[in-house]
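You will see two complexes here that share subunit A, one where it goes with subunit B and one where it goes with subunit C.
Then we have the complex of A and B:
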């Protein structure tokens, strides 16, 4: 294997792939970077078993100035290789792999020889056929991920809850996550999904990493689902993630269908009020804020108490308040996360009683985004 | 090379290999097994063979090929769906198991089924073992869990009741002798190695450095003194034995050797013709067997086993060994 390439282009692709490379792993070969050279492109692969990123530089790409002398493949220790490539002197570099699985990296007057491993032992990523691929706009996917991963569980006692449950059915994509204290669900229409029917659980960490990997230049993402893995195609980059085993709990029956009290506020103003109240709640033992809604008097009062520090009380400015009087307590951090992902718009909160979960939805109810927070019993 | 000769395990444990081959070809494999037996009897080798057999893309006559990409990945320890958990310190802790549980909840990278092998499962801390229970009982996906241990009795009963226990017959001494000769170690040590459990790797490393015989000589001297009912034996612990066993693995090994020797003495009192584990020190053992009353031999073996359990509970070696010496010597009066 031998090729010459523009170093800046190579480093850019290398950085994309490096995101997936494991720093510590039980599988030694995964600390390496796989280089695979065919007659018309160079493919780099990095993986930590959970996620795998595969990026290609085609010979036709002008900025890469890729010259292929001899195809082949090798696995190189990624940490050293990355450091070396970043510090080479010239604009171009040449990599030659010898029969003894050593890579000779030359650029200008400097020459490195590093030991590699045979690429046969590197995990093979599945070839997922394109015939069942789904198209998603990049910004929609980013939004869906941001809105759902906040509710993913961080505890591994129920591993299935560390993922986002994704159901594709009847031309719509439903993404839902819950850690049993809160829930976040988003539905988007999928044009051209046809009769695609899937039910999978993607680890939350994979999705967070995916959202970071999506480049701004990519407008549409091609999603393909196989038995063990899901593949997101972002231009020349392929992002694979393993799935979570097991059945996700039925979350549809958790969503309340009716309410007795409803409050509509501007999300950013309410978020600021919550943040002020949480200054004190964070100092108390149970991190709780209290919201008292009195529609007859037309008041909504947010308060929090820390026995050591003091108290805070604030009258909330709201758009509408209807229904019965209610006195409810909840964790302000959950509310803060929920309001943050709604963005700068009005939100409607619908309550049934002080001990039942309440919903948070953007006021224009067309967006198909609903969140649920479980209140805290304080009496 | 034909497939039958390719895997040493097929010669070492032919019946177990056949059994697992039948289970796999009929798709009757359970999801959790405990391989109980010494390392020498092929526990980890069989676990590897099962992994190869399940993942090999070119199974021939019920034997994995060893040549395909899947086999190579397993043989080099690089298969993403065949994970091995080995103790990093004196125990396997809850943190080590946390990663394992996360892995168990994931789908495979290349294969639908995933294999998890936990070596020296007796070293699981109670917390770690308890956190595994739920996953062993009801794994979230298609997995095969193989626990490997040399000391089955040290596992929690709640673990034992959730796995199928496969007891490995000890490897025949002749096999080990052949292997030792191959490695350039004196074949006379074969009977001893087949009786030694967990300390075999330590003993083997010592034998290669010719460092095992001083240990055996010290043991010989100590036993000879005990045979003469001589309190000099108590002094020997400090002067002869302690300088040789400064490290923990050596102490464990020396205790194992002592227990085997005391058991040999006990056996020799009833069946003098029984083969000894110490061919080079046969004379001493026979002499001690004739000098001791049977009650002493029984007491010595029982006390040595009790002391070994204490050693695993981190009691200091010298104190334990001196106590054992005193107990044996006091039993004569």
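Then we have the complex of A and C:
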């Protein structure tokens, strides 16, 4: 195997693939990067068993200046290889693989020889049939991921909650995640989804990495779903993820249908107030802020206390406040995350009681996006 | 570059430091009158432990031979060779009971008590006894009442901050009572040998001596820069202390930061099964303590020490605080499986389970009823 390539282009693709490469693994070969050179393209593969990323650089891509001397393949130790490639002196580099699975990397006057492994030992990526494929706009997918992964559980005690539940049905995609203290659900219409009907759970970490991997240049993402795998095609990159087994709990029944108090605020201003309050809540062991809503007096007061540092109290500027008086406490970090993914718009929070979850929705119901936060009982 | 550091001496507080005289040894002498007058060492007889073990404390007779706490029991035995030594293993249950009794007496004087150990506490009596003669009378009352009700002696120090109060109680032991007023403090500190400054020990003392410093007066002559260059943060502290400045409050009713239990095993535990059983038992005890203190915690720590004295402490932080025995056990056992089983070859001499990040049980982040619980 032998090729010469533009180093910047190579590094860009290498960075994408590296996202999947395991630092710790039970399968040693997965700490490696697989390089596969055919007559018309170079393919790189990285995997940690949960996520696999395969990216290709075609010989036709101008910026790559890929010159193929001899096809072949090898697995190289990813960490060393990456460090080496990033520090090479020239714009171009050449990689030659010997019969003894050694890779000679040259660039200018610099030459490295590193030991590789035979690529036949690298696990095969799943084959996913093309007949069930679905097209999603990249920006929509990115938004849905950002809005739901925040609520994914980071605890292993309930593995199913470490994923985002995705239901595709009746021409719509519903994504929901919850860690039991908060829930985030987004529904988008799918044009041209036809009669696609899926109910899957994708690990939250996979989606986070996927969102980072989607290049700005890709407008449409091709999604293929199999028994226990999902494949996202982003241009020349294929992103595979394992699916979580098990049934996601029924979350629809948790969404309140009525409320007794409602508060509408500008998300960014409220976000800033929450951040001020959490300066103190973070110093206390409980991390609680308190919101006292008094529609009669037309006041909404946010406060927090740290026994060691002091207290903060702030009258919140709001657009509207209606309903009953309410005194509720919650974790400000959940609220910060929730407001962040709503974006710069007005949000409406709807409450039923101090001990019931409350909803957060964009005030203008342009998108079907609802979040739930459970309060903290303080007495 | 800094100019002169302004130092403000706050001397309006009235602080009492109470220190029981050779507490454990005195309690033993009270329980065993036949011990009085003989050298008494609170430790197991080194002949029974094949030379292992350290001195917990010793009575004044034994101290005259140079025996002190934390000394290897073997060494104490050499110092006391030929003497009618009494080796008494510590009875912490008894000491704790006596300590509780003494705390009861302190509570008659003030609620602002900061216990330092079973035998030592600071009290802030400013509010109730703002005048020096009143504060001194309160200290005398404590000594008298403790003496009458427990037949034990104590030494007290009275001053305007914790540092000086402790120096004062240490100044005249046993059964001493020393007062350091703001007026007397400079002279007292000037004359104090540097060894007596709290915190000046094995590392600092030789350095100071090498700098030609033997008294407080000479220490006070050093600049802040000289002290911080030589001793860092501790130098800054010394700079303040030698000027009679210590603004640390008496941390009364200090909230507990963690609740834990640990146990040493002899013989060492050799099997996974034995360790698992002990960890489960410790976890259950901790859960019970949490429940009795109305606390729950989110960080669970497992401490493991093997036969070679290699100690590992591993922790896991939960999303939600718990006081549930089952949960604490599960997490502790997970840590054991991940980190402890590899230590089994050397045998396990100590295991401990601790829960920290404590919050009152009443504080609870409610959960969504995802798994069939009623709404």
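Here, the second predicted complex is superposed on the first by the 366 of 379 C-alpha atoms of A that agree within 3 Å, B and C clash if a C-alpha of one lies under 4 Å from a C-alpha of the other, contacts with A are read in each partner's own complex, and residues count from 1 in each chain.
The definition used in the following text is that a residue touches a chain if its C-beta (ideal position, glycine included) is under 8 Å from a C-beta of that chain, and two chains touch if they have at least 3 such contacts.
It should be emphasised that the depicted structure is a prediction, and the values quoted were computed from it without experimental measurement.
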Room on subunit A for both subunit B and subunit C (clash or fit): clash
Touching partner for A:244 - first (subunit B), second (subunit C), both, neither: first
First (subunit B), second (subunit C), both or neither touched by A:121: first
Partner chain in contact with A:342 - subunit B first, subunit C second, else both or neither: neither
Which of subunit B and subunit C A:30 touches, first, second, both or neither: first
Touching partner for A:378 - first (subunit B), second (subunit C), both, neither: second
Touched partner set for A:49, first subunit B, second subunit C, both or neither: first
First, second, both or neither for A:254, with subunit B first and subunit C second: second
First (subunit B), second (subunit C), both or neither touched by A:138: neither
Contacts of A:95 with subunit B and subunit C, given as first, second, both or neither: neither
Subunit B residues touching subunit A - in the complex, by the definition given at the top: 69, 72-73, 76-80, 83-85, 98-99, 101-110, 112, 140-142
Residue ranges of subunit C in contact with subunit A within the complex: 318-319, 357-359, 362-371, 375
Contact footprint of subunit B on subunit A as seen in their complex: 26-30, 47, 49-50, 52, 120-124, 126, 156, 159-160, 162, 203, 227-229, 242-246
Subunit C partner contacts - residues on subunit A that touch it in the complex: 153-155, 161, 178-181, 183, 249, 251, 253-254, 285-286, 288, 331, 355, 357, 372, 374-379
